[in-house]
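Heads up, there are several structures right after this.
What follows is a pair of complexes built around chain A, which joins chain B in one and chain C in the other.
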Partner chain A sequence: MDNRQKEIDNLKDYKYGFTTDIENTRAPKGLNEDVIRFISNIKKEPQWMLEFRLKAFERFKQLKEPDWQKPKYPKIDYQDLYYYSAPKSMKDKPKNLDDLDPKLLETYKKLGIPLQEQKRLNGIAVDAVFDSVSVATTFREELTKQGIIFCPISEAIQNHPELVKKYLGSVIPVTDHFFATLNSAVFTDGSFAYIPEGVRCPMELSTYFRINASNTGQFERTLIVADKGSYVSYLEGCTAPMRDENQLHAANVELVALDDAEIKYSTVQNWYPGDKDGKGGIYNFVTKRGLCKGKNSKISWTQVETGSAITWKYPSCILKGDNSVGEFYSIAITNNHQKADTGTKMIHLGKNTKSKIISKGISAGFSDMTYRGLVDISSKATNSNNYTQCDSLLMGNKCGAHTVPYIKNKNSESNIAHEATTSKISEEQLHYCQQRGLSAEEAVGLIVNGFCKEVLQQLPMEFAVEAQKLVGISLEGSVG
Partner chain B sequence: MLKINKLNAKIDSKEILKEFSLNINPGEVHAIMGPNGSGKSTLSNILSGKKGYEVSGEVLFEEKDLFEFETEERAHKGIFLAFQYPLEIPGVNTNIFLKTSLNAVRKARGEKELDAIEFLKLVKEKSKELKFDEEKLNRQLNVGFSGGEKKKNEILQMSLLAPKLSILDETDSGLDIDALKIVADGVNTLRDNKNSFLIITHYQRLLDYIKPDFVHVLMDGKIVKSGGAELALELEKKGYENFH
Partner chain C sequence: MKEQLQKDFDNTIKNLTLSQRDIEIKKFYLDNFINKGFPNRKEEDWKFSDLNQIIKKNIGELSFYSDYTFTNKVDTSAFVDGLEHNKIVFINGRIEKIDFDYEKKDQIEIIDQSETINKFNNNSSLSDLNSAFTNKSFKIVVKKGYQLTKPLIIYHTTNSKIWSKNINLRLNFELYENSSLRLIDLFRDTSEKNFLNIFYNFDLKENSILKNYKVDKFENKNIKYSFNNIEQDKNSISETFILSSGSNFCKNEINCNLNGEYSSAFVNGIFSINNNKHHEIRTIVNHLTENTKSYQLIKSVLEDSSKAVYQGKIFVNSQAQKTDGYQLSKAILLNKDSEFNAKPELEIYADDVKCSHGSASGSLNEDSIFYLMSRGLNYQQSRELLINGFLLDVVEKITDPEVKNLIKNMIGIKE
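Right after this comes the complex of A and B.
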């Protein structure tokens, strides 16, 4: 019994919670024009990029922090944060992966993301972002052969200005809401991908985000453009050390799909969730938006959200092209004192546009989960439809689950269907499984994975297995 | 195999079992009969490890204190309960549940876990024996199953796990005669000189097909009379009233 308890305790520990001891270059503390110029300067950005940032900052100063969300948090002092932090060794970016600081290589190895050539993950190109910089991108040459650009966004700004200028801010304008605008002003790094016309990207592209430095906000920016008739599947993973303070992560992700293009974007979010009493953890306030710009285009979001003290995000699709398709598949798990307010927005503008929302929320412990989603069918979006299915699973009786759908249908020839269920894992179900030889933890894993199956199936194979394990681990200790 | 010595059980300070004693040897089939509220289901719940009861007394399974073991450990050691009301588990595929259960038990017993192909072969064979509709194996566990199908599913699981002690808690209630015969066949196939059964029932009907070695009458938390198979027939004729 003692051994079993130990095993459970070990699993409950956040295994990515270590810190890498590394020397950093930081921007001066606080948020002002000088800091923005500092970031732009250290990234050797062209003038237009600096102007983009400053324009956003002007707008930001007029915006008020929103407070309509369900999870409340203590006021963030934006002047008490560092907006740029990067390992010193990254100042002159090493040309070769083998020249990378061994501490960084070691960090990613520990996270299960080997970067060196001989050990790289098969069939997955990885961009590794450490605090405010991208430290390595694998498989670049192979991708270049097909005309695919996959690189840190800071490099894309220098090497592919025409593409970045055209699409950056085209889905999330610099004048958008508070956190998105803050990101536009101070974003540091992230990934850029461009898939040329007619190319089917031969491997998964992925970015692995790691927050390491303390007292630092992480503001990444990711931009993915799929040109006509192209296809790409992109994965994103995130972890952070265990710290007593809360850290802000406010990323912007923009996707653009042109005619007949398809983007599949998957996230496995495992930021540090705080300890079991709710101390520490990441504030994950992220803006993700995809534009189905061309006809017959498709954008599909899949997210597995298990980490963070507070998750607050609505990966959305703007279905502008006729016959375009938007999908949102989500598993959100909150345990202990975690909170989440997440869902999606499906904005139907084009004719014959379709959207599908499958949301699975699981709450345990003292946590609180809200699904919030908007389906908006405009008057011009004739013959469009949405199907929403929103299921909540509760464990214990101290947690909460809420469903807040906003439905606007301005076209009489279009329709919206919404289904919602709430269920609870009962003591009787657990006893039944245990009588058949499963431990309580195994029983919960089985029931929860059954509940999430529809969403897990959407993940690329390599991630699905990991995600399934993560789902189990996130709920360890929530029964018995 | 199972020795119950002066077992007392309370729930919400209400006494349900009072100084209950029973001894089951390997290979024996015992039937417990009694009216509603006599403590039959409490007995099967306690033996399976269900929480919420205040218990005293002694229960030994293969000479070891049963209360030392968690529910799943009891299952690993070979105790199986066919539930009176089998649970529905939405989202969980029946085949996956059966395979996970079988492999958990095999692993605990130090046996090789079955891979998907080996398992499917076994489960198809057993389903055929028990006339269990194979199509149900790909459905969510017990969801939308009729009462009879749920009970057959219990017997299918019993036959897969091959337990040493099987407890059947009113498995016969709500079954038509064909289903009753299938349940009985399941038990009789598993019956040998090592495996034991505890059959809890209201009626002697099931005992026409599973001939018990011993019949016990449970009234108000204790056994008031024990005898052979003929006792069940006597009960059927006279009713429980005459045993007060």
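Right after this comes the complex of A and C.
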């Protein structure tokens, strides 16, 4: 009995909640021009990059924090945050993994992301980002052979300035909304990937984000460019220690797909959600936007959102090229006092563009979940199609599930279809499962997995298994 | 606009016999409106229809004062033929006639509320405008157990005597236990460029039934806003049908509070618009207690550069278990310049509910046209047949056979 209880407790707890005790280099607290110069300086950035940041900061000062979202949060004091924090040992970049701080290696081992060669997951190249710096990127040589560039963005700024200059800010300009502009001003690290013309990336690329330092905001920036006729599948994972205070995570992710290229971007987001009374947890205010720039290009977002105290993001597709395709598959689970306001935007600009949105929301406990989405077919997007389906599942009468779709059709030759349902797990289904020997919790797990299946299927294999487990764990304790 | 408002307000007050306190209250509403102005696209509810811009573009300067000292001649030829009915006639915003000839006199009470200010359960700037300027308002009470034998038709007539005027109307209805009322709002405008601002309040007691049909069919260049607030007690039923077609701009808002168990609300609407018309329906159905039901069906046919907007919201609070909420909007865009925007919204805090919405928009199905043409119809006939069938679906939802026929004849839909 004791053992079983322990096992359940283990499952219920957030198992990535530990802290790594490591010495940090930090920027001075607060947000001002000096801090931005400090970040730019420590990254040894060229002048144009600093100008990019300062331009964003100028704009940021004029912006007002938005407040139209459903989950409200106490005002964030942007002067009371550290905008840069890195392990001291990272100051002089270690040349290889043997030089890397063992504590860091240990951290990633505990997270289940082994960085050492022999233990690496086959077929996945990992860029590991710890607070504000990238600590290691694996499989680089093998990728370089094919001409694929996969490295931390700070390295890309130095080594491939022509690419970064061309594409950085081309999808999310410095003049964008509040959090995106803040990111443009103070972003620290993140991943950069470039897939050359006609190359099909032989392995999954992935970035693993870890927040460790307290009082620190993480602002990473990811830029993926798929040149003509290329293909890449990209994974993103994230965890953070358990802390009583809320931490801000405001990343920008930009995707650019040229003619005939395809980008598949999958996220399993498992930031610390706060304890069961709603104390602590991450504010996940991320801007993700993909541009289908070329003809026949395709961008597909898949997300499994189980963590964070507040999730507030809308991965979007701008379908500019003719015949381009945008997809969005999402599972969002909120439990206890978690809140989520998430969805997508599909902006149809080119002819014959297609988009598909499948969103599954599950809320339990005292949580609140909102699907908010926009489908906009402009007058020039002839013969375009959209299909949207968003289903919500409610567990208990203390939680909420909301659907707020905006649907704009300006083209008579285009079709939009939207469906949404909200319900609970039916007694009949539960009864059926229990009759066949499953416990109430197992039955709920099974039904929820079935509910999510359409989205889980879209994930790459390794991720799908993890996500499926995560879905089960997130709902632990919400039944009965 | 501020000076104009102030001046017109003083003129309006002069013609009314109000107590000092009531004048103060009206002034308060006026100040509220002056502060807020006409709603614009910055407000979420007006995101798709910027009334401020629309008034500026279509009317320009509005005047808010109307001289109601002279009576208008009631043109009986405008009355609906072939259907015996009770009447309320508004001409240019002035009540000319209230007539319940077909009903038992002691079962219906008409209370003149012009001299009392009643608060409206809505704090938008348009309700402030309405409260500040309404000149006559009546409350119509249907007594316990009485069911009106004939429908009531409210004629909203305007003629060329008015120009660039704002007209504010307000009516209150109270339906006592087991009573029922069929109400048709019929708009006939020969005027141009006026802004009509209409507020209705319905109070439905236990087991009462309200059927409200709003028909805006005749071509006109006016701008209309209409707000229905419906409070529903146990077992009551409300049915609202909107035919949105004639005016240049028209926004119908329905706010329905299902306060009592087993109450239900039905909202059905048709947009059939052409040219540069811009119409909107916004519904809010609040499920506030257990076992309530709502059903909404909105269909649009859009020609030329017309634009239709549907914003529908189903709200379910945490007590409202066993709620059944359904919402469907479909649109056919016939021209490349037409536009359909929808925001079907669900806000749900209870788990044992069945709520769903669907929204679809697109072109006329070419396959169906091909099918009909292969059976000998020409293109135009096939198109008309398909559109008729599409809209007939909504008309068939009308539960009152007399009114259903009336509306079918009006639209020219044949079975």
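We adopt the following convention: the second predicted complex is superposed on the first by the 466 of 480 C-alpha atoms of A that agree within 3 Å, B and C clash if a C-alpha of one lies under 4 Å from a C-alpha of the other, contacts with A are read in each partner's own complex, and residues count from 1 in each chain.
Operating definition for what follows: a residue touches a chain if its C-beta (ideal position, glycine included) is under 8 Å from a C-beta of that chain, and two chains touch if they have at least 3 such contacts.
Since the structure is predicted, the reported quantities are computational estimates derived from the model, not experimental observations.
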Touching partner for A:408 - first (chain B), second (chain C), both, neither: second
Touched partner set for A:400, first chain B, second chain C, both or neither: second
A:432 touches, of chain B and chain C: first, second, both or neither? first
Chain B versus chain C as contact partner of A:424, first or second or both or neither: second
Touching partner for A:158 - first (chain B), second (chain C), both, neither: neither
First, second, both or neither for A:416, with chain B first and chain C second: second
Residues of chain A contacting chain B in one complex and chain C in the other: 423
Sites on chain B touched by chain A in the complex: 48-51, 70-72, 74-76, 80-81, 83, 86-87, 89-93, 96-97, 100-102, 104-105, 108, 140, 157, 161
Footprint of chain A on chain C - complex, ascending: 44, 318, 321, 331, 333-363
Touching residues on chain A, where the partner in the complex is chain B: 1, 423, 426-429, 431-440, 442, 446-447, 450-451, 453
Partner chain C, residues of chain A touching it in the complex: 68, 379, 392, 394-424
